[in-house]
Amino acid sequence: MSVPLPTGGVIPPLVTPRTSDGALDLAALEDVVEHLVAGGVSGLFVLGSSGEVAFLSDADREVILRETVRVSAGRVPVLAGVNDMSTARVIEQIRLAERAGVDALVATAPFYVLPSDREIEEHFRLLAASTPLPIYAYDVPVRVHRKLSPELLVRLGLDGVIAGVKDSSGDDVSFRRLVAQNRAAGKPLVLFTGHEVVVDGALLAGADGVVPGLGNVDPRRYVDLVAAARADDWATARRLQEELNELFEIVFQAQGVGGEAAGLGAFKTALVELGIIGSNRMSAPVPSLSGDAADRIREIVARSAVPVAAR
Amino acid sequence: MSVPLPTGGVIPPLVTPRTSDGALDLAALEDVVEHLVAGGVSGLFVLGSSGEVAFLSDADREVILRETVRVSAGRVPVLAGVNDMSTARVIEQIRLAERAGVDALVATAPFYVLPSDREIEEHFRLLAASTPLPIYAYDVPVRVHRKLSPELLVRLGLDGVIAGVKDSSGDDVSFRRLVAQNRAAGKPLVLFTGHEVVVDGALLAGADGVVPGLGNVDPRRYVDLVAAARADDWATARRLQEELNELFEIVFQAQGVGGEAAGLGAFKTALVELGIIGSNRMSAPVPSLSGDAADRIREIVARSAVPVAAR
Amino acid sequence: MSVPLPTGGVIPPLVTPRTSDGALDLAALEDVVEHLVAGGVSGLFVLGSSGEVAFLSDADREVILRETVRVSAGRVPVLAGVNDMSTARVIEQIRLAERAGVDALVATAPFYVLPSDREIEEHFRLLAASTPLPIYAYDVPVRVHRKLSPELLVRLGLDGVIAGVKDSSGDDVSFRRLVAQNRAAGKPLVLFTGHEVVVDGALLAGADGVVPGLGNVDPRRYVDLVAAARADDWATARRLQEELNELFEIVFQAQGVGGEAAGLGAFKTALVELGIIGSNRMSAPVPSLSGDAADRIREIVARSAVPVAAR
Amino acid sequence: MSVPLPTGGVIPPLVTPRTSDGALDLAALEDVVEHLVAGGVSGLFVLGSSGEVAFLSDADREVILRETVRVSAGRVPVLAGVNDMSTARVIEQIRLAERAGVDALVATAPFYVLPSDREIEEHFRLLAASTPLPIYAYDVPVRVHRKLSPELLVRLGLDGVIAGVKDSSGDDVSFRRLVAQNRAAGKPLVLFTGHEVVVDGALLAGADGVVPGLGNVDPRRYVDLVAAARADDWATARRLQEELNELFEIVFQAQGVGGEAAGLGAFKTALVELGIIGSNRMSAPVPSLSGDAADRIREIVARSAVPVAAR
């Protein structure tokens, strides 16, 4: 029996903890889940980019999904990333996620390939036809190198192909048009921004929620931020956003490394500092942060006074 | 027992034939292999971009590899694309290719992810450490959105990590530098160009061979082109290249479709016209060519008088 | 004697009206200025991208600047775009603008050339050393193909090289960091967003003002939007933004034309419909809008009930 | 009376020498011209990207053109870059070049602006209508961020709008198609490659000539290379190309600087080493090369044994 889908709120994209020798750390994953549920999140997005989905074998993916479903135990819905290169392979990932018992799926346009817009649309229609689970479209041009247009997304929403969108496009003009077109169409889509440092503005613009990588570290302030916005208390929303943005500076501390090492490495390093996980180890070939960068991250985290529920 | 690796020559990236109802067409695959072997190719590259690798499930990938190994029967080496998002997943593809009995592997840098140059280098080193099979680096920025530098490639060659390069970067300046640096290093790498319309120039520059998508259609003229170049008969090499380029116009006939539909769709349509395969059906969600575009492709193929061995 | 510089508010980038035979229409320019001043704007930005600066000869540029300075008559400050390829040529444009009597300058990084970040910084320092007028940095990667980092901009602000920034980068994450770093540095910079459809969010984030192309058409609602935001009345700010966004749909009506034809052509077509200017003629080689696209623009403008002061 | 236009051959894009205090060095410019004419070039391309055109005021541009015309004295034709942002401004540059007495013009598509393909075509038609001088289209996407298609170029050639093309697109596949389409159309265009390290291949493909930045340093070997290719002596052509490519490594010696500093700075440093000019000073804000990078450049030049005519 499926958990009701989120109509908004905070749905962090979970990091995937590893032990210091590189193995999956399921105990730490459980602690991350508890940290997030205690923080008041509306759902858990597993196997997103922040979950290092690209670095995980199918077997590891399935273990992580099963464990998250088990631990969350119906308290919040579990959304699963089903990232792969194109339709047939994504459908295999959907099968894997269905077996694990997740509540919803998150899918990108095909990548590596060179599709037309019509092929991208057909891709999503074929995914939907393959599963009873709701699908969220994940718009992330920095990785997929294609932008999903508001017109396409709303059309897919009206046809029941997708239930919502995670917008990590960094294109706030397009997101604003998506909000407007979605509203004019009767709101078929639930809209999430993936940009954790502009959530107040996105909510003012009409976003329903946020999928913040930084929400792994500090779910509570994101939950409070959304609550303030819903109460039209924009001064509080902005204040919380600014506190979160000071914390977000952790992702800019490592220099000369790749995007995962700097960003996800910072999230993991912060979670170690907070005592949630035991190691900031990354998936090969991504190096783990150490030295000065890690020191600065720890200082920023300490300064931020992140609320962590007693356990 | 493995077949000796190619030191150059023509290694077409095989298309993956489907029946008109979309199933894998292994009989047609066998006919493609025979067409290519009869054309004198030096190897078969299976599961490349031209093989629609991104659209194929693991099960289909394995079937295709096994069938190609069976049919080629040691007459020429079989190289297998092991495309996936990042290291751990590519290593799973390597296992699959090893089980199928291929002779060598072709791997790209990670995609979807955001690696540093050092992580890309470590990726290739981890791949090599995982298998006794030789690995060719596939440089294809239009799909992977990263360029592999000559310095990195030659360093990997000297360290025995890679045996060669398929350069589909479209950057002839960089390729020329790669040739020069490889020669200065004692030629650790065998260098293939992936650009079928400039093979004469690439051979003049020092390429060892070519991986031509169009070689699915007309392997013989590519083989003759390489032979002419090796005999320093550049007038003949150029004439053959120009004939091939007239044939290559097939990929520009379809308008408003994606890259696979236009290019691979044209190769398949031409192979149908030549009687090698039975259908130009593409993998979902890619549409198959029909109508005027297909008509023009057939005319171009007819005009080109492609040599096909009697069977 | 110079007019005090704006500390924020609405500074529309003026369109450059032409008569139906293509000549500069200075009478219409005067009417645009009056429309904007009556709308309550805080300044006039002449020779921006919206002013078709790239299409104007030096002689035409100077005429336009002089006329704007004459007509505005000190009621609001006049900011002049000094766009050219690199430092020496921009300094010539600065001379031209100084002669015309403008109050401030707006400059981009060099384009066409391939500078390092240090060269971009030196470029701005040389511009500042060449003139007593304040300079605003214009960050517009879609045209200049370079992004100005928050670190660079704040450093230039602290050193008195630039007085502010017009951010048309479309990167709301970077803009948010710019706001934060500028505040931490003691607010050396006045920060304007150039994205007219997300002004409420930008103001919530801490922007001081906006340079809205659409402000040519409807300055009043932008002025009211900024006032609402300053009064912390975010519900009103959002409502006005949404009204403006419905009007902004005019820029999406023309299909298959270039960026200037669609966007600036729409602004001009709307101004004709409002009776402010006489022709929507564009600078060669940009076509003027007509037919269905122009009809749809007129309908959108009519529906929007744009406030126009009696004249 | 105009000098006959080149039908191919070597047309170097002249560097713009400066004295060590940054002034234009017309005496050194004269020496560069004599070095090139003595090297056997077929024409002189002044105010190209290699001539730092983007950094030069109109007054400096005119001085340089006049001096080159005076010094070359009809021995070879002078082609002038007329680079500016869009049509009206380019036409002003054409006036300037006409006054200086040049023999032909070299123009890019508009930049900074966002034109449609039709606007780019109209741009070239308006340029041609404004002058009796022949125009060469300069295709340089790395600077202009647009690619000129073979179809457009051949159509402009057939209509007498352009006389030829300088292809610096780095897209050898497109160049090959341009050669083929130009030939099929009756050869309305003279085709030059701008990529100095692949000239042998470009000539084999059907290029008529080359516009090599490195030809400032070593015009003679480029002239010999073209002669060898015309004599179908491809072994010699390749050998000369490889010698030139070893010399071209000078542009890769400086690290962490912009494109002009590394490339043009290397050409100037080499010309100083050869005794042709007195300073490697660049236009502000581009730094001049010094230290280790300059040392390595001098060593490479010394090793290359560049032929310099006695003067």
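Annotations for the structure displayed:
First chain written, first letter: the chains are A, B, C and D, and each begins at residue 1.
To be clear about the criterion, a contact is a pair of C-beta atoms (placed from the backbone, for glycine too) under 8 Å apart; a residue touches a chain by one contact, two chains touch by 3 or more.
Keep in mind that what you see is a predicted model, and the values were worked out from it rather than measured.
By residue number, over half of the touching pairs seen at A-C are also found at B-D, the match among B-D, A-B or C-D. Note on chain placement: the centre of chain A and the centre of chain B lie 36 Å apart, centres being C-alpha means.
Rounded to whole angstrom units, the spacing between the C-alpha centres of chain B and chain C is 50. Shared contact sites, meaning residues of chain D that touch two or more other chains, are absent. In terms of which chains touch, the assembly is arranged as a closed ring, every chain touching its two neighbours and no others.
Interface residues of chain A, counted against chain B in their complex, comprise 49, 53-58, 60, 83-89, 92, 110-116, 118-120, 122-123, 126, 142-145, 256-261, 283-287.
Those residues of chain A that touch chain C in the shared complex are 170-173, 176-177, 180, 195, 197-198, 200-202, 204-205, 232, 234-235, 238, 242, 245-246.
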